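Below is one structure. I have some questions about it.
First chain written, first letter: the chains are A, B, C and D, and each begins at residue 1.
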Amino acid sequence: MNPTQTTRKISPTGAQLFTEEITLEGHIIDSWALPKVFDAVMDLGGSFELLDIRVGRRKDEPSFARLKISAENEPQLDRIMTTLQDYGAVLVSQHDVRTEPAPANGVLPDDFYSTTHMPTQVRLGGKWVEVQNTEMDLIITVDQEQSAARMVPMAAVSKGDAVVVGYNGIRVIPPQRSRQHEIFSFMASDVSSERPKRRVIEELAREMRQTRERGGKILLVAGPAIVHSGAGPCLARMIRAGFVQVLFGGNAIATHDVESVLLGTSLGVTLRSGQSVEGGHRHHMFAINAIRKAGSLRQAVESGLLREGIMFECIKNNVDVVLSGSVRDDGPIPDVAQDMAEAQRRMREAVKGVDMALMIATMLHSIATGNMLPSSVKVVAVDINPAVVTKLADRGTFQALGLVTDAELFMRELADALGV
Amino acid sequence: MNPTQTTRKISPTGAQLFTEEITLEGHIIDSWALPKVFDAVMDLGGSFELLDIRVGRRKDEPSFARLKISAENEPQLDRIMTTLQDYGAVLVSQHDVRTEPAPANGVLPDDFYSTTHMPTQVRLGGKWVEVQNTEMDLIITVDQEQSAARMVPMAAVSKGDAVVVGYNGIRVIPPQRSRQHEIFSFMASDVSSERPKRRVIEELAREMRQTRERGGKILLVAGPAIVHSGAGPCLARMIRAGFVQVLFGGNAIATHDVESVLLGTSLGVTLRSGQSVEGGHRHHMFAINAIRKAGSLRQAVESGLLREGIMFECIKNNVDVVLSGSVRDDGPIPDVAQDMAEAQRRMREAVKGVDMALMIATMLHSIATGNMLPSSVKVVAVDINPAVVTKLADRGTFQALGLVTDAELFMRELADALGV
Amino acid sequence: MNPTQTTRKISPTGAQLFTEEITLEGHIIDSWALPKVFDAVMDLGGSFELLDIRVGRRKDEPSFARLKISAENEPQLDRIMTTLQDYGAVLVSQHDVRTEPAPANGVLPDDFYSTTHMPTQVRLGGKWVEVQNTEMDLIITVDQEQSAARMVPMAAVSKGDAVVVGYNGIRVIPPQRSRQHEIFSFMASDVSSERPKRRVIEELAREMRQTRERGGKILLVAGPAIVHSGAGPCLARMIRAGFVQVLFGGNAIATHDVESVLLGTSLGVTLRSGQSVEGGHRHHMFAINAIRKAGSLRQAVESGLLREGIMFECIKNNVDVVLSGSVRDDGPIPDVAQDMAEAQRRMREAVKGVDMALMIATMLHSIATGNMLPSSVKVVAVDINPAVVTKLADRGTFQALGLVTDAELFMRELADALGV
Amino acid sequence: MNPTQTTRKISPTGAQLFTEEITLEGHIIDSWALPKVFDAVMDLGGSFELLDIRVGRRKDEPSFARLKISAENEPQLDRIMTTLQDYGAVLVSQHDVRTEPAPANGVLPDDFYSTTHMPTQVRLGGKWVEVQNTEMDLIITVDQEQSAARMVPMAAVSKGDAVVVGYNGIRVIPPQRSRQHEIFSFMASDVSSERPKRRVIEELAREMRQTRERGGKILLVAGPAIVHSGAGPCLARMIRAGFVQVLFGGNAIATHDVESVLLGTSLGVTLRSGQSVEGGHRHHMFAINAIRKAGSLRQAVESGLLREGIMFECIKNNVDVVLSGSVRDDGPIPDVAQDMAEAQRRMREAVKGVDMALMIATMLHSIATGNMLPSSVKVVAVDINPAVVTKLADRGTFQALGLVTDAELFMRELADALGV
């Protein structure tokens, strides 16, 4: 951690101070960027001086602020600066981004820059270049010759790759806060089961229809409770009507879907009556074995074994399906990626271009997906457990909508509102 | 605790043993009465000898068992016998019920018998007499002259009343387990948010229609989340269509209903859009004041102030409403019973003849109500918190249905299934 | 709603505009007062012009802002102004507070001002006067002769009382945000069961010791789970050591405490082993009857029936106990206030001078208490249900600490940290 | 599904009936095996005749029953018989177990027998042979030459393997219900946060000490909340003192442990104070990179980078650690198994000989582990979410203990009770 361009000066108490000047522009008071910057500097033990401020006279005018940030040592200044950048702070001193070579495959230099899920630019040869593949907790590698930069996972770094370090020459563009009322302006702290959901579901349906009409992509991350609770047919109809372009899930949702189609049960519970079938716990093993015998879900559809259901509709409607394994899986069904690096690679590929993501009743796959989504994607998190919804919806942006509700009844209301 | 009719004998170890003979009849293996009796005797430190057993050869034949129960002292035998009676055990030695006079108003003799919520008989002058007013955790007073007995709350006992003590001459009739599949056979341990609810809601709607058609009474215990979540109009329509004869709630449901009618919000949240109204936290105070000014909810309806909503429909449709106060109430609305003894008295009066009770999203009023209901009443408990549902549905009978789900969406689906 | 001092002018579109000028002073950016004001004006459909702003150059300098607020009609301006006052906005136009006479006992004029839990002043005869009895959702009555004002509940208003209306001449003083790290700076959104609690409990214990040493008052709002879980003796020791001056609870905590002392069980569960005692559900009825026979908890202590436990220690150590009834109570114990108006009156009396409030595992009594506490009281909310903690800790101030944890183990750790 | 040895006869209505005779022996009333058999037959639409019953006269005498089970078709009888076998029913008609060859690698014959987690025997050449590797939801393969049988996962079956089908020649031995009070007799339905835990923790500690003293194996399945909450050092001390022989977890627990050791934080929250470190979300990436640089956790210990913590103690004390990957992992740390088949293989190897399993605050790994454990292993499930505890503790045996509590405070109390 040794940024070299820091200004040193002597503090009143004789201590050497390390300083940087930053600017903030836009709706920085309205969207709380300025107070957050004040907060962060103080929380990290630094201090600031407000060199210039121009506050918009009216709500449609942008504001501007210039601050001098001081810290007592370089690592502290480093921590402050990387934090402020997440709120949109831009360094006044203009330098190119710094890089260091990766010391080994999958290993980073110590001072690596860790990305946010917001659009990011790096300065290469005096020009600001857009970083490709926005995703949180990745690192940035630079191709100087191509004047290109992209975000990659740690494990994908090869020895010698130019990895961005420090905080110079990096610009993060936080989302502008929307002034109009919309359902995605709910923040995590609004998460509650007592709010009216019917209207929210109607607005969501409208947004989904608009997305479909303009050829956008909707990702659905689906937990097995959708099938258990009997809402599988609702989801199948939504897929058939074109409201799902990408589907993420695990071995469970596929298995239970197959079990429901072949045997009319899910985990041995009859979906029509909700009664447990004695001995029905063998049903999911039977379903898995049936698909293993067919070869794959696609072959099961082609052979006529699977004639309806979620997986059937996905295959018939060319939905991009990624099924990721987990350590608790029985079987699994042959389509499930059992290697986690492979599963993540497929998911990263599939999320490209996604406009909206619905995460229904699955914490594991939803968190995995949430980490991969840029801040521009609208996220809807639905779970009956408030802790799960808060975790998923709390992304520090204005694009998330958390609903604490019942997955079955949510899917029914949504299908109804979509007219499917 | 001094039952006098106990048989004493000397145990093999020389210790004096206290014994009683009991019989069990009916589907005592199938409904697990016999294993439960074995369990209870052992858990309480007693022992048993199986004197006679005749097990039905087929599932439609009743069984019979006669057991000798032994304990090392009288209090132990007393505890065992009062417990076994709850499973339907009947003493072979036939004695009249014993009573002692209450030592003061609202005070019981030490050895008082505490009731279950199951039909109960006492033996008076050699005859078995039905005890009036089945309710849990009450005591039984006897009117020897009238050959009558009834269950009363502790606080309603007057000095000198003949209070049943001990376990002699008491017969409890546990519900017979139904063999046919029905939704009320779900037990508390089945409580889960992952079960299919749509079919259950349809069966519930059918049961409600049948109850209405035969002139039965349906009790709805309503939490304020019904209004917050925007499902108030669903409930109002259900009331108008005759699906609610008795409504229990608190100051909150009435206040939020009035707020929603007069201002379109609930606790300051706009019900149409789910957006918080800044400054809207004053709205519920405004609603309470409006009713206080009108004099009462009825007067607010008659004066034309209230023209729709839950309370409006209750008053227009002669629903028996009991609003019970709580220590957290603002205001309250004048119709709310602020004295808890008075509130319980009104509720006890209103539950008479109730056939079915729906408890939606309110723990306090639901527990209060649940304690008052005899085991013959079918109970549906709905809450998004599984712990609440388990607590309400776990009544030790086969007449409870617990649903872990969203109150708003449940009410919408139910209204839909009822065709209102 | 007819404030008469509003300035009218013609808007660019020809519409008449209603405007007010306000000022904000202090750490208005740092404590997010200014962004909140911007937010509120826009959310309520008004507009603002920033007439003057002086932002502190350093974090220890206060800031100042003057704004012109515009609305399209008077009720809108009224709503905006009453909201902005909650963030500390002060009207530039200086007028005395307005009042209207209450139209009847317990009934308010329509335009009544509803209080916050923050210190509030009203302008009487040109002077700012402190309003007595800070509490949320009350109203303010003025005694012009005495130049005095106080907050009172709606039900306590008598016909003709001078009730504050509108927004003129009212000043609310929001808490200044503390810069130093302290446990009470946790906000509701930090509520999580995964945070380290041991250190927090140690800091809480230190704060409690300091409060005790300077003669401060600690209020404990206690749920029955404290006794069920076996942590009753921990609380009893805390009381004996002087860490509780006021105790709030219901019939349940007292009953279970008595049951645990007299019979060693709570709701029929043996506290030493956690095993259910068959037939033990009668125990709580026995405990209630025992106190009814004694006459009261105090008489039970004096007669030697109660020789230990929470209630015993409260009586021996002159703790101010308020037991409030609820509609689900059995019995109740004679000390329980069954009239809710009376219960609230006793609680309001007892919270006077309280410095810190611990709310443990009881939603009903905690919400009732929370509504009565001024913002200066430090509030600790402990529950295993995150929704309850969020509800209690989310008071819009920096004085609340929410812990999602197990009441039993929390009480043990706290008793340990207090050295009792 | 074509069992060939079924007796056919003509029913009274002229329909052909398929029947089997079974026997039940042991504490079949007391442990509810007999009522469960009655239940299951009726729930599955069959009927039974009780041919013989001998009920033990005293609680220490075993009982015996012989039943004729009838069904209307073979698949129904098949379903009934496989269900009854799980309750210990033994066929009177003695046949060898039937097998069919697996049609392909990892594919089973349709009528495969799916295992329980109870000890199981199969009849080979007229002799009852113990099936190796007890685990739920596996299948049984037979080696006729070796007169051996073992349970294997579906994916491990090779084409041509002799897979057990149907229900003939299979004997399941359900656990005998313990009469003495012990903590593991708590069943899932007892799961509650309100029960006293201190005594239960003390008994658990005693049991763990006994297990250690007799050289038994204790498995700990550890969720990351143990580190987040600051209880990592408690676990480290338990490992050092020999109370953990096998540790299961994921990338998260290892990462957070390393982060806590190297940086003093967990997910950027300072473990000493519970305060969030601004910018601390990069810390876990730093920790992962540090171990990737070192090569592995073991190399990090050997190089002196890791000098304390959970992973350090595991490596120093030869604890068998299996870290299983998941699709949400960052990094991961090199020791994490990213292939799920490999992870399960390692876990299956490591659970061999385990006597007790503690599952703390991790649903994914706990369910994965629970599926692998035979019914003889004592299982303790700890989580703050009641739904998780119910799911884990509800194993249909008398060997599970569920605690709804706070992982941090549980670990502290347990470490305290263990004297570490």
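Criterion: a contact is a pair of C-beta atoms (placed from the backbone, for glycine too) under 8 Å apart; a residue touches a chain by one contact, two chains touch by 3 or more.
These figures come from a predicted structure and were not determined experimentally.
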item: Pair joined by the larger number of C-beta contacts - B-D, A-D; value: A-D
item: Chain at maximum distance from subunit C, centres defined as averaged CA atoms; value: D
item: Chain centre separation in whole Å, for subunit D relative to subunit C (CA means); value: 47
item: Euclidean distance of C-alpha centroids - subunit A vs subunit D, Å; value: 34
item: Centre distance in Å when subunit B and subunit D are each reduced to the mean of their C-alpha atoms; value: 38
item: Where subunit D touches two or more other chains, by residue; value: 193, 276, 387
item: Partner subunit A, residues of subunit C touching it in the complex; value: 29-30, 32, 34-35, 38-39, 41-42, 47-50, 53, 55-59, 179, 188-189, 193, 386-387, 394
item: Residues of subunit D defined as touching subunit A within the complex; value: 40, 43-44, 79-80, 82-83, 86, 103-104, 106-108, 110, 112, 114, 137, 139, 153-155, 276-279, 281-282, 285-286, 288-289, 292-293, 324-332, 338-341, 343-344, 347, 364-365, 367-368, 371, 385, 387
item: Complex contacts: residues of subunit C adjacent to subunit D; value: 181, 183, 186, 190, 193-200, 225, 228-230, 269, 271-276, 384, 404-410, 412-413
